[in-house]
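I have a structure I would like to understand better, so I am pasting it below and will then ask my questions one at a time.
In this document, chain identifiers A, B and C correspond to the written order of the chains, with residue numbering beginning at 1 in each.
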Amino acid sequence: MIADLPMEPFLEVIGVFVGALSGALAGVRKQFDVFGILSLGWAAGLGGGMLRDVLIGAVPPVGISDWRLVATALLGGLVMYFFHPRLERARRVVVLLDAGALALFTVVGAVKGLEHGTTLMAAVFVGVLTGVGGGVLRDLLTGEVPVVLHHRQLYAIPALIGAIVIAVLWEAGVASPTAALAVVAGIFALRVLALRFQVQAPGPWPGLRRDGR
Amino acid sequence: MIADLPMEPFLEVIGVFVGALSGALAGVRKQFDVFGILSLGWAAGLGGGMLRDVLIGAVPPVGISDWRLVATALLGGLVMYFFHPRLERARRVVVLLDAGALALFTVVGAVKGLEHGTTLMAAVFVGVLTGVGGGVLRDLLTGEVPVVLHHRQLYAIPALIGAIVIAVLWEAGVASPTAALAVVAGIFALRVLALRFQVQAPGPWPGLRRDGR
Amino acid sequence: MIADLPMEPFLEVIGVFVGALSGALAGVRKQFDVFGILSLGWAAGLGGGMLRDVLIGAVPPVGISDWRLVATALLGGLVMYFFHPRLERARRVVVLLDAGALALFTVVGAVKGLEHGTTLMAAVFVGVLTGVGGGVLRDLLTGEVPVVLHHRQLYAIPALIGAIVIAVLWEAGVASPTAALAVVAGIFALRVLALRFQVQAPGPWPGLRRDGR
């Protein structure tokens, strides 16, 4: 079964942990209280998967029912709660881990959609939503415009490409744990290379004149 | 079957397209990147229907599984992405198309609820939520207070009246494609007349003294 | 059956009513129109329960299908719409009623989760989400950062403790209406005592140096 990626549970736990770090950090910056900080960690680490599960009817979602994932998210929140002065300086590591989480969440999400019998296109959507949904929820809950929609970095686009590749492999009947892991690596590489070489997604097409807003 | 409105698929596609235009325009105004602009188009064009489908248990929702509707939303987003300098001047046409989308989404949503065996009241809710949900999602994702809640134009109220009429017709056993189409026309007319004569919904009741906030 | 709390329907109606008052008041303060004010009342009074129902698969959620609860939410909204100048001065009463609603929603939500066969942990989540979800939705729809995440009052924490107690009692097989009612009273008492003695949840751990943001 494709979902049985080598090291998949281990990788998913890392993804949730990193997502929780990013959420809890957003809560720290907004001076939330301890409950708010841990909630943000939970929402950012597990929100994408919860959105996926609600959309494909896999309820209750793992974000409230899988104790290992919930414990991981809380642990990530607690680590950031106590050690944020140091962790803020380790930004580069967090960005790398976040790229790994994006890659893994996307592939796991798309595969879970396919295994639930969704169409290929729906699987692509749930893959991308799993990858970026936690960050969107984090931003909405801290009163920010979701960064994935406007930051112009290549973030969702590598996820989208990876999810499409997964769907194509599945349709072709050649999906395998190895293939899935290769897609994880590919999304991660695209994300990291885009950061390294500052590749940007374009803003609104300028047209014949500047929009002026 | 009442859902078989004459020209219904055609009309729904128009609704999704217009919703996507409005969402993508909001993304353009916020200087989102191309992924953000297309995402906003998708959210605004299909968000109401996705909310409806999650609430009635029709998962995965059409917004991620019906390729015609998804393609339509992406097309609307792309059109706005490339042609926003011109389309912004065609505001009157977009307002009219939006009134049509509101009318159609509301009726299609209420009927889909009834066909899923919801209560009459739940069908009214899902009808109105289908009609206004995409715009609410668009506003939340761009950091705005949902315009339908505060702009004082008659927007949701025509949808509410129309959804109630659909529920009453259904209960009376006289629902038909023709009746449904008449309700679509009625919502559209109410919306357009309210715009034309600037009928407004009242703000907070002033009471014995002004609220002062 | 544990859900048959003595006076439970009566108490739940009070919870919805108080939640609707708080939502409609937020709409009044933002100068929403009458539709927006009633929508906020509905969202705040019934949003927590709707979130719970979607997460456990109990669709359509009671927030759109139970006419008694919907009517109660609309009544709360209308009362605030007309009488907000007076009700704003009755803040102390509203805070007390709100503590009661929190307590009751949490217990009802956790029990409903358990009766739907969720895990103990998932039941704790849906209990807390039922208790605080309406307020979160109210805040998001009015463009505010959810107050429960940052106000540092003990609000969600009493709910969390109460939901855990419910889950433990259920697992131990000693859940009963009387026990559930005692937990309601306990959450209420914790919330009121925290207010009375201004007990606060801590903000971000200061660490070795101040965060500086």
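Rule of thumb we're sticking to: a contact is a pair of C-beta atoms (placed from the backbone, for glycine too) under 8 Å apart; a residue touches a chain by one contact, two chains touch by 3 or more.
In this text the structure is predicted, and so the values were computed from the model without any measurement.
Viewed as a contact network, the protein chains are fully connected, with every chain touching every other. Homomeric contact chain A/chain B: same residue numbering on both sides for under half of the interface positions. In terms of their C-alpha centroids, the spacing between chain A and chain B amounts to 29 Å. Residue positions of chain C touching 2 or more other chains, listed in rising order: 54, 57, 140, 143.
Interface of chain B with chain A (complex): residues 27-37, 39-40, 50, 54, 57, 59-61, 64-65, 67, 70, 81-86, 88, 140-143. Against chain A, the residues of chain C that register as touching in their complex are 54-57, 113, 118-119, 121-122, 125-126, 136, 140, 143-146, 148-152, 156-157, 160, 200-205, 207-209, 211, 213.
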